[in-house]
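Have a look at these structures, which come just after this line.
Shared between the two complexes below is chain A, which has chain B as its partner in the first and chain C in the second.
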Partner chain A sequence: MKSRLYSWEGLLLVTFLIIFAFNTITQPQFLTVSNQINMFQLSIEKLIVVLVMAFIIINAEIDLSVGSMMGLSACAFGWSFQHGLDPALAIVLCLAIGAAGGALNGFFVAYMGLPSLVVTLATLIGFRGLARVMVEDRGITNFPDWFDAIGQQGFIGPVPFALVCFVIMFAVAWIVLEHSGFGRKTYVIGSNRHVADFAGIHVRRHKLIIFTLAGVVSAFAGLLYAARVGAVRGDVANGFELDIITIVLLGGASIFGGSGTLVGTGLAILIVLNLRNGMSLHNVTGHLQTGVIGILLIASVLGPRLQWPRRLGAARQR
Partner chain B sequence: MTQPTLALRSVSKSFGMTAALTDMTLELHPGEVHAIVGENGAGKSTMIKIMTGIYQPDTGGVEIDGTPVLLQGSKAARLRGVAAVYQEPMVFPDLDVTENIFISATGSLWLNKSAMRRAAIDLIAKIGMRLDVDRMASGLTLAEQQAVEIARALSQNVRVLIMDEPTASLSAHEAAELRRVARALADQGVAVVYISHRLEEIFQLADRVSVIRDGRHISTRLVTATTPQLMISEMVGRDVGNYFSKMQSTATQDVLLSVRNLGLAGIFEGIAFDLHRGEVFCMAGLIGARRTDVALAIFGITPANAGTIRYKGKHLHAKSPSDAMAAGIAYVCEDRRKLGLAMELPIRWNITLATLSRYLSRLGLVNTQAERHTAADFRKRLNIRTPDAEIPVGKLSGGNQQKVMLSKWLNMNPDLLIVDEPTRGIDIGAKAEVHDLIRQFAAQGGAVLVISSDLPEVLALGDRILVMREGIQMAILDHADASQERIMALATGQEKAA
Partner chain C sequence: MRNIGKITALAALLLSTAAIAHADTLTLEPGKEVNMVLLPKFLGILVFDQANEGAQEAHKELSNPGKLEFLGPTPENSVAGQIEIMTTATTQKQGAVMLSNNAGDQIAPAAKAAQDGGTKVVTWDSPIPSGEGESIFVAQVDFASIGVVMADMAHSILGGAGEMAVLSATPDASNQNAWIEAMKKALAADAKYKDIKLVDVVYGDDQAEVSYSRALALVDKYPNLGLIMSPTTVGIQAAAKAMQDEGLCDKIKVSGLGLPSEMVSYTLNGCAPEFALWDFRDLGYLTYYTAYGLASGQMKGEVGETFKAGRMGEYTIEADPGRANAKRILMGPFTVYNKSNVEAAAK
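Here is the complex of A and B:
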């Protein structure tokens, strides 16, 4: 029991509770249903991608192209809509683009043996380029009402569709990562891919699946974004990959792979959201908010490596 | 008696509830080779870490030249002349030998490369090695890398050199070379601490030998005043029989694996042997004999491109480990750290890794209950010493890690078990246990292919022994015809292939 309290997740939980308590006490409108939903809704697309990013990072890879894929998917939807394609068909098309783009990353990483940092940096530029070519520098709006409604109205009571999706996906991701054979293989490959190879695990296929999944989920998140905002432009979701990776690392996943939990990731999500929301309610500017989140990340990456909280260091260092 | 260069005085060290060292006293004198023996987990590594300043003792202290010192960190220890060389040397592959030797000087602003090069040549000569100082470290053999480490220690005026199982991964010839280096250093007044599981080399090299067990000092004797039997019984705390006696063969006439003219371009060629059920078949040879490559070909990691493999009477061409595993072949590799175990993951996960599909429900979820059962079963059967099966396997001693690796593959219930250097770097008690397991496996009708550089082990285990040299099969010896001398003659090419 003691080790659990001293674990990284334990520290995240305490941090979250402090921020939550502070927000509740200082801001009466914090603990209202509408504010809580709003808090999630504002970054819901990122949160959905965080879930697959956790798999990627635990697998000892990185995917920098997720933000661009979100943009590409949103723009492909806008372009298809403008060219008279049935919106339902356009959604399928976008998800297919996500799968193809993710598989492309996976193919180069798993079968060509290139570093994922390099491959996904290239596709970050490539996907974004495609998105910009599609819509050039105009915005596309006036989507069908039902599409906008998905992003802007309550789906179950006041809870929007995207948040319902997130909750379901979180549960699925948790079961898969921590209780399934697929999740087990994700950890083992991330910890030492040669050991996995020698144990007869199909390492390449596994990586291909994870990258493809990241592409599909990013495309889906891009569509949700288009629906919520009701418009797309070439720079949709620009730079989102950094926020997404930040949350996964804060959640305790090692950038070298093999460690991290979805519980930690979930707590990191709550911390970042509550911190940002609390600061907004206190009228702290966006730039300063970004600065604070940045400091948090530095602390989360460096803290465990310093001598001082030894047990935390032992818990996180590989 | 002279003043000890370094002494431990009643040192105790605990980690949480476990006492790693209790009241440990040890004196190292200039000019002696002081061997330290003990089972894995006896506290040898903790002791080294205290001598090299990585750990600080809880009680008691370290003295250098009779003065109590506080060694805070390995740099402080190095400044006082204490250095260690490990089984797996620390070299930087992209630097040359000179730069590796003077690695701690590369931080300074001004480097006099030619002076460094001359000094490096001197140091290499001082330890009596022949080694080109301009070579890149990436191309060095393990023995040469260790020489570089020793030269590095010498460049920092080493007075106490700790060698932690330096010969565990070396061929017999290289090991002899390294022992010569150790002796030469001692003759120059360095106190050499020599940790090894190979008892025969302790008798060749050491002046004194200390036995430790369960974190306590048991004895320190002159080598001339002890025997292997006495040392072993002190190490394990009980009387033991002869560990390396050959056990009864259980070989049958039933051919399980039949290899003909197997080859892989540029690596090995013309390998041909039959392996019977119930048989323990050994492959002996020096490092670089390409024995592991033959095993990797059979297991499907790097498939052969010439010859045939018949297995259970059928043609087998494994293109990946999963093909070989499906046929019932298990391969326990030699490199636990790089290829064998996911060190930071739990013991339980490692044990079920090769058989994970058996523990999955129809929805693909892991049945942890069944996994725990398996882990507990192997923990008991193989006597894996650990508080529980949920801790990272990297926290176990080498011998226990080896048992976890064996568990992983035995759980597959293979017909053919290939084990590569099964007892490298593990203590004599664990060695005997591993040998028993291999014998038991064969007695139950399995076939075992053992690759080993440890000649006493080859002679103790092998019903037949295939000797390889530089990718060529030199001979297959029956146990009755085999001796250490004969194997070495074949492995070094002094006796020609039949």
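Here is the complex of A and C:
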């Protein structure tokens, strides 16, 4: 088990280094500070949600509603700002909406026993509907300068606030997942829920906590998005969930739960970002870019499977 | 007294126009090296490909040794994709980005960053609503004049009297609503339209199948209907096909805004005898001239500046009446297509 993951991460590392080297050699602008920051900044909200999605998938669940929650949070901010609510209060309100929405997912999955695919597909539509009802396609802009500055200016030197948050959250997520009881429980529940039950783990409470966290983190990411682009519209973050799940799977997490690491997730983030940035700098955009990322995902699902027959016996014994 | 005021204002206006007209019309010097990006809402749409053809034509004509790239996102990823391409263009130090904006004001920070980095941002087809980060908007037509054009087509097709219904895109599409309002105003403004009755406005969501069935529903609901007016390229084609399939073209005609290549058969068989649109090749061509002028430093981009845009003639930068603090170049006018010119345009 361990060696398989290590080899997958090794493969990711080699892939990343090849892309990185290719970009560095072919594009003089690639290694500039501003391009490196832009590369992260353009996807930073997704990357933040990737961290919590890793917990969900390792826990053998899925959350399709994260993109809609980002949109709902951003639109709720815009709507309350438009209706004269103090922006600081509006931020608190949005995070509360995130917690409530996440808890709703968690309640139906953990306590009503419904499949997370179904529950979060429903809330994907529901949250998006609410966002569109609030803001429609009109667009709300002219947020306070301090709010725009959070998303558009450097926080530490040229490094923006969202990127600093991401680095801190990555470290926290790594410690929690790989060096805490909470993280171990996440793996155990994901590998075999019944074993976890017998071992006395509060499986339901654990799932509720993880889904609630996913809601809060998505709402936070939605606010960061609103600050970065300085405007919101009903379609904010539409379809982001697919990119987010793609990165987690590429990182080596099994869609059936129980496996995956944050190191792998981090490498997957670097691969996707560098690949996209490199293609953009080479003026490859649109369907071609989407196609290349799609091939990458197929490879990431097939890659571990190709080794499967040899490992099957070992996995069975586990 | 009021009249004198008006006359003075008019005279002043005439004088100032005259002064502008006599000011040097800028002829752009060809051969300057400027790299530019044409950024449509998304790839795979005919009108954007046509705009690209126009831009490529201008690119050759001005013998720009730089590169003109046609880069766009996929429809599902339009907003994030446009922001990404704008940001990458800034990193690449492109001379100008020509943007048909689909991201609303969300593109403004990226456009501002582009301007700060020395990349000009010229919008076409669809501007940045707040005007922030935008140098100039090249507008295809004056949105108010669309109402008059549609009213005139209705008048000529109906022979001055009859019932008409509108098949629009979605109820909250701001441009559609503005155009329908403009048509209602035009119909009310002139007595020659007094016998044309607008009986209904329905929405086909800019989807072919929905528009098709909405058009047929109109036929059932209004037995005396003579014309379906659809100010969207999807709606007009679906309505024309519906009338053709049901053999209703003798009784009910279709008109509105359509693409010659999609409408040519319906115009020739009489289902849609007249429709209008601006030429997207011209729009791309004019946008290129504007962006080239700005990025090569030959134009300042100030209100009142006049320049010569190759085969299309002279254009003047003016304040945008629809958006405060924004500037535009008005391409205009509409091209009205009928049997005599639709085949040539459809190629």
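As a convention for this text, the second predicted complex is superposed on the first by the 300 of 318 C-alpha atoms of A that agree within 3 Å, B and C clash if a C-alpha of one lies under 4 Å from a C-alpha of the other, contacts with A are read in each partner's own complex, and residues count from 1 in each chain.
We adopt the following convention: a contact is a pair of C-beta atoms (placed from the backbone, for glycine too) under 8 Å apart; a residue touches a chain by one contact, two chains touch by 3 or more.
A quick note: this is a predicted structure, and the numbers were derived from the prediction, not measured.
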item	value
Chain C versus chain B on the shared chain A, clash or fit after superposition	fit
Partner chain(s) touched by A:195 [first = chain B, second = chain C, both, neither]	first
Chain B versus chain C as contact partner of A:180, first or second or both or neither	first
Contacts of A:98 with chain B and chain C, given as first, second, both or neither	neither
From chain A, separation angle of chain B and chain C (C-alpha centres, steps of 10 degrees)	140
Of chain B and chain C, the chain that contacts the larger number of chain A residues	C
First, second, both or neither for A:78, with chain B first and chain C second	neither
Partner chain in contact with A:215 - chain B first, chain C second, else both or neither	neither
First, second, both or neither for A:228, with chain B first and chain C second	second
First (chain B), second (chain C), both or neither touched by A:266	neither
Superposed arrangement (fit on chain A Cα atoms) - minimum chain B/chain C Cα distance in Å	37
Residues of chain A that touch chain C when the two form their complex	29, 32, 34-35, 38, 42, 136-139, 141-142, 148, 151-152, 228-233, 235-236, 238-239, 276-277, 280-281, 283, 285-287, 290
Chain A contact footprint on chain C (complex, rising order)	42-44, 69, 71-74, 76-77, 79-81, 83-85, 87-88, 91-93, 103-110, 113, 129-130, 172, 174
Complex contact set, residues of chain B against chain A	301, 320-322, 324-325, 331, 333, 338-345, 349, 353-354, 356-357, 359-360, 363-366, 408
Residue ranges of chain A in contact with chain B within the complex	175, 179-182, 184-185, 187-188, 191-192, 194-202, 258-259, 318
